[in-house]
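Paired with subunit B in one complex and with subunit C in the other, subunit A is shared by the two complexes that follow.
Our next item is the complex of A and B:
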C-alpha cells in the first residue's frame, strides 16, 4: 500500500511518453528488423542468387530504417548500428573489404562463430549490397564463394537483429526505471526523454546533412556516388522512410498537439514523395538540384519546429557542447 | 610585536598578506564553468562529492579556467577567439583583475601557471601573422603583462606547464581571427604540432604527425607519469574517417597514436573536447560531446572501454577514475561503474573541468 502511495507521488509525466514511445515505436521496430533479417537469411540458405535475394534485401533495409534512428543503447553496443549499415563510408572501406574477401576467398565465411571477427565494413547491409548489386564481385570470387559469403553475412545480420531485439527488452526496463539506484545508464527520470529527443533531432540532421548533404557535395562538385546505397536505388527511399520513422517518434514523444511539427513533416514528406529521382542523381543538374536543396531546407525546418514545440514543451535542450567547438 | 599601524603598513607592502588557501574556498576538487537555467554564466567550485563549494558569476560563456597552485584564485577565459579573461577570488567572488589581450592578439581559451604561481601564461594568437604566442602576466605586479614568447606553431589552444616550468603547447595548426568567430582559416594548409618551450621561449622539442594526419588539429593536453604527454585531436577532414584522436608522447621518443575499435573511432565524429589522465596517471580519457562518449585508454594507447553520455565533455581526475560533466547538468563519477554525483537540471556544464591543486 505504501509503495503504491509513493508511486503516485513520483513525477509521472516524463515517464508516460517514454512508455508510449517504447511500446508503439521502438519495440515494434526491433521486432520488424529481426523478422526481416531472419527472412533474408532463411531465403539465402535456400537460394542465394542475387535476383532472388534482392527483394528480401530491400525489405531488410526498409525495416532497418524503422530502427536506425534509435542510435543509442542496444544499437551502440559493439558498434551494431555501423555493423548493420556501414555508412557514410568516405574512404570506400566496404568495397575494399568485400573485394578483399572475395579475391582471397577468405574461408572465414564458412565459420559462423568466426564471421563476426570480419571488419564491420565487410558485414551488414552495405557489404551485402556490393555482393548483390556489383557484378564485378562475381568475377573476383570463385564460383560459389559469393554464395557462402552471403549466407554467412545474412546469418550474422539476423543474429544482430535478435541481439538488438533482446537487448531492447532490457533497455526498455532501464528507461522506465530511470533514476533508480543501480541504474547507471539513466541517472534521472528526465534522461530517457532527453535521449529519445536527441535521437529525433540527430536523425533529422542526418537526413539533411548526410543523406542529402553528402551526394550534394558542393554546387561545383556534386558527388552522387556518395549517396547512401545508390547501387540498390535506395537514397531517396531511405530519406522517405527515415522521415516516416522520425515522424512516428515525434508524435509518440510529444505530450501536446504539435501542429507546426506536423505541418513541417507533411511538407517535407510530400516533397520527398513527389521526387522522381531514387538515386539523387539530380544533384548534378542545376534545376533538379534546387528541388533537392529545398527538401534539405524542409527537413531542417522540421528540426526547428521540433525544437520549438517538443523541446520547448518538455524543457529539453541539446547540443550545448556538441554544437560548440574547441 | 607589530602595532596596528605597523601591521597595516606591512600588509599593504605585502609582507604579511593574509594567505587564503583553496580550503577557504570550500576545498573544491574541480572547477567548472556552466550556463545557469536563467541563461547567465558562472564558474563553480565543486567538491569531490559533487557538491557546490562556491559560485562566481561570469560575464559571458566561459571555456576553460586555470586554477592557481596555492591561492584560491581562478582565471576564467572567454571562448576562443576571445579577448578577455578574468581573475577571480574564489572566496569572496570578487574580480581581482581583468586581463585584456593586447592589440593584435586574442586569447585561445586556456592558460597555466609557472614560477610557483607567480606568472600566468595564456595561449594567444598574433592574428596578423597567425603565429602562436604565450602571454605572461605577473600576479605580484597586479597582473601586469610582462612578456610574450612564441609557441612555435600556428593556432595554439591548450598550454600546460610541466616540471621545470617547461611549457607544452598544443599548436592546433589553423588560424582564427576575432573578426570571424567560429571560422577556421587556412585549414588546407594546416600544420599542427606539439611543442615543448622553455619559459624564455626556446623550442626544446616538437612533435608533428605524419603527412596523412596533417588535418588532425592537436588541441588539448594532459600529463601522465615520467614526462608522458597525452594530446587530444580534432580531425578537420571527414568526421566519418575514423582517424586516431589521442596521441601519447614523451620527449626523445616517437609519439604513439590510439587504436580504437573502428566503430568507436567513427562514433567520435573526429572530435575530442577534453583529455585527462586519472589520479594514478595509468589511464587516460578523451571525450567527444559530438559522439556522446568518452574513451578510456591505458598509458600505452590501448583502448580499455567506452562510456556513453550525451553531450559529455568535461573530464578531470578523481581519487578513483574520472569526473565527467555534460551539457545536460550531469556530473558523474566514472570508476568501475558510473555514479551520479549531482544532477542540476538545466545547468549546462561547459567544455572543461579543471582540477584544483591540493
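Our next item is the complex of A and C:
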C-alpha cells in the first residue's frame, strides 16, 4: 500500500500516448487499406477495364498513404511496404517488369499461390498504375492477359492488406505491453514511442527529399518524370495525404500541446492545398519551382518543430530508419 | 609487502580498461580506420601491379591474376564501409570508389539485351571506350586519351545521373569481368582476355583504349585511397574531428553501425535484391563476389563495436572498445548487442559458405528459390535485429541527451541519399 502511494507521488515522466496513436491512427488506417484493397480486387473480378478500375485504384492508393509511413514491424515483414508500393524506382524496373510479364504472357498470373513469387516491381500499386494508365501495355498483351494480371495483382494486394491489418492487431498488443516479461521487441515503455517518433520524422524526410526532391532534381535538370505515380496524377496528392497522416500521428502521439508543430503542419498543408500542379511539372518552371522549393522547406520546418516539441519533451531521438541507405 | 604491491598494481592494470572512457574508445576507432584504409590502399597497389602485368602481357592467366587481386582488394575495403555513415568526410567521398549499381554501357560494349539510352539515363549506352569523341549535356568531349581526370571530372555521374559510374571498384570490376549474362543462373561475367589483346587478337574492339581505361580507373582508385588514408592518420581531418569531440566520435561509431546494418546492407543491398529477383541488384554483380562484400561489411560493423581489426598481413589492431563502454552503462544491452553482431556475422557467413560451395549470390535471388531467399533473409533479419540493440546502446550511453540527431546520416539525409 505504501509502495503504491509512493509510486503515485513520483513525478510522472512525459509519456507519449501510444495507446491513442494506435487506436485513433494506426489501426483505423490498416482497416481502411484492407477494405479499399478488397473493394478494388472485388471490382476487378467483375470488370477489369481500366476506366472502371481507376477510381478504385485511386481509393486504394489514398488508403495506402494513411499507413505507408509506418515502415516498421508489420509493414516491414515480408517486405510488404515495398511490395504495395515500389517507389522510388530510378532504374525504371516497374515498367520493365510489367512489360516483360505482358509480352511473355507470363502464366504465373493464373496461379494465386505462385503470384507472390513475382518481383515486387511487378506487384502492387505501381505495377497496377502501368497496367491502368500506360496505353502501350495494352498493345503488348492480349486484353485478356492484362485482365488476368490485374486480377492476380489486386487479389495479392488485398491479401497483403489483410496480413498487415492482422499483424497490426498483434503488434499493437506488443507496443502496449512494452517492458513486460517475454516482450523481446519492446523492452521498455520508451521503445514504442521511439519507433513511432522515428516513423514520423522519417516520413517527413521522405516527403521533402524523395517525393519532392526526386522530381526537383537540380535547377538545370529538373526531372518531373521521377515524381511518384505521375501517370495517375498523384505526386501532389500523395504529399498532401502523407502530411495529413503524419499530422494525425503527431497529434495523437503527443501528450502535451504542440503549437509550433501544429503551426508548421498548417503552413505546409495550406501550401500543398494551394498548389494547382498535381504532377509537379512546375519543377521545370522557375516561378512554379520556387513554390515547390518553399513547400519543401516548410516540410523540413515541420521536422524541426517535431524534434523540438515532441522529441525534446519526451527525451527522444530518431532511431535508424529503413530508408537510411543511399 | 612486495607481493601486495604487485597485486595491487596488477589489480589496477586489470581495472584500467573498465575506467577507459570515450577518448580511448574513439582513438581506437580512428586507429582501426587508418589501418583498414591503409590496407585497402596496399591491396589497390597490388591490384595495379596485376593490371600492369595484364596489359603488358595479356593472357588468361594475367587476367585471372588481376581478378584475384581485385577480390583481395575488396576484403579490407568492405570492412571500412561502416565508417561511411556518421563520418561526412567518408560519405562525401565514397561515391568515387564504391558507387553502384552502374549503367555499365557508359563505359564499354554491352549485350544487345541491355538496351540503349533510357528515359532515366541518356548516357546509359555511351560506350566511351569506343568513342574518342562524344557529346555530353550539349558539350563535345575529347576522350581521345582516357585519363583519370576524364573519368573523375567528366564521366563520373555525368548528367547528374548516379548510375553513370565511371570510377571505383565496380567500374574496374566491369572491365575485368564484363557483364554477367547468366541472370540468376550460375556464372559470373565472362570477358575474354583477348579484350585486352594487341593487334588482330583484340576482341570487343578498342583494346588499347580499354586498357587505358582500366589503368586510369586503377590509378584513380589508388589516389582516392591515399587521400582517405591520410585523413585518418595523425593530424588528418577525420582523426582530428573525431578525437577533438569524443562524444561526437561515439555517435559517429553507432550511426555508422546502425545505418550500414539496417537501411544500407539489410535494406538496399540485400532485401531489395531478393524482392526484385534481380541479379543487377547484386553489389558485386560482374564478379559474383557479393557474398564476400556483404560478409566483410558485417565484419566491419562488429570490428567497430569490439574495437578489433585483423589486418591483411595478420597483425591485429586492438584497443578500448565501444563494447566495454556500453557494458559499463548497461551490461544487458552490451550482451545483447554483442550476441546480435555475432549472429549477423554468422548468418552472413552462411551465405558466403554456400556461395563458395558453388551456389552464387545471384542464384539465391532467383524467383521461386525459397532456400536462397531464406538464407539471405536470415541475415537481413539478424541485421535488422541488431539495429534495435544499437538504438538501445545509444540510449544506454545517454547519447540522446547530447544530440544523437546531430549525426550526419540521420539528420541530413541529403548526405546519404545520393
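Heads up, the rule we're going with is that the second predicted complex is superposed on the first by the 302 of 326 C-alpha atoms of A that agree within 3 Å, B and C clash if a C-alpha of one lies under 4 Å from a C-alpha of the other, contacts with A are read in each partner's own complex, and residues count from 1 in each chain.
By our rule, contacts are C-beta pairs under 8 Å (C-beta built on N, C-alpha and C of every residue); 3 or more make two chains touch, one makes a residue touch a chain.
Worth saying up front: this structure is predicted, and the values here are computed from it rather than measured.
Trainee: Just subunit B (first), just subunit C (second), both, or neither: which does A:76 touch?
Mentor: Both subunit B and subunit C are touched by A:76.
Trainee: First (subunit B), second (subunit C), both or neither: which does A:205 touch?
Mentor: Only subunit C; A:205 stays clear of subunit B.
Trainee: Give one of first, second, both or neither to describe whether A:24 is in contact with subunit B, with subunit C, with both, or with none.
Mentor: neither
Trainee: If we overlay the two complexes on their shared chain A, which of subunit B and subunit C does A:120 touch? Say first, second, both or neither.
Mentor: both
Trainee: Just checking: does A:307 make contact with subunit B only, subunit C only, both, or neither of them? Give me first, second, both or neither.
Mentor: In the superposition, A:307 touches subunit C alone.
Trainee: In the overlay, answer first, second, both or neither for which of subunit B and subunit C A:190 touches.
Mentor: Both partners, subunit B and subunit C.
Trainee: So which one touches more of the residues on subunit A, subunit B or subunit C?
Mentor: C
Trainee: Classify the contacts of A:319 with the two partner chains as first (subunit B alone), second (subunit C alone), both, or neither.
Mentor: In the superposed model, A:319 contacts both subunit B and subunit C.
Trainee: Subunit A residues touched by both subunit B and subunit C?
Mentor: On subunit A, the residues that contact subunit B in one structure and subunit C in the other are 76, 79, 82-83, 90-91, 119-121, 185, 187, 190, 194, 315, 317-322, 324-326.
Trainee: Quick check on the complex: what are the subunit A residues that touch subunit C?
Mentor: 76, 79, 82-83, 90-93, 114, 117-121, 185, 187, 190, 194, 205, 209-210, 213, 217-218, 221, 225-226, 307, 311, 315-326
Trainee: Mind listing the subunit A positions that touch subunit B in their complex?
Mentor: 72, 76, 78-79, 82-83, 88-91, 119-121, 184-185, 187-188, 190-191, 194-195, 198, 315, 317-322, 324-326
Trainee: Which residues of subunit C touch subunit A once you look at their complex with the stated criterion?
Mentor: 85, 101, 118-120, 159-160, 162-163, 258-259, 261-265, 267-269, 271-272, 274-278, 280, 367-368, 384, 387-388, 390-392, 394-395, 399-401, 403-405, 409-410, 413-414, 416-418
Trainee: Taking the complex as given, what residues does subunit B use to touch subunit A?
Mentor: That would be residues 35, 63, 79-80, 109, 157, 182, 219, 234, 238, 240-241, 261-264, 266-267, 273, 289-290, 292, 308, 310-313, 326-328, 330, 332, 337-340, 343, 345-346, 348-351 of subunit B.
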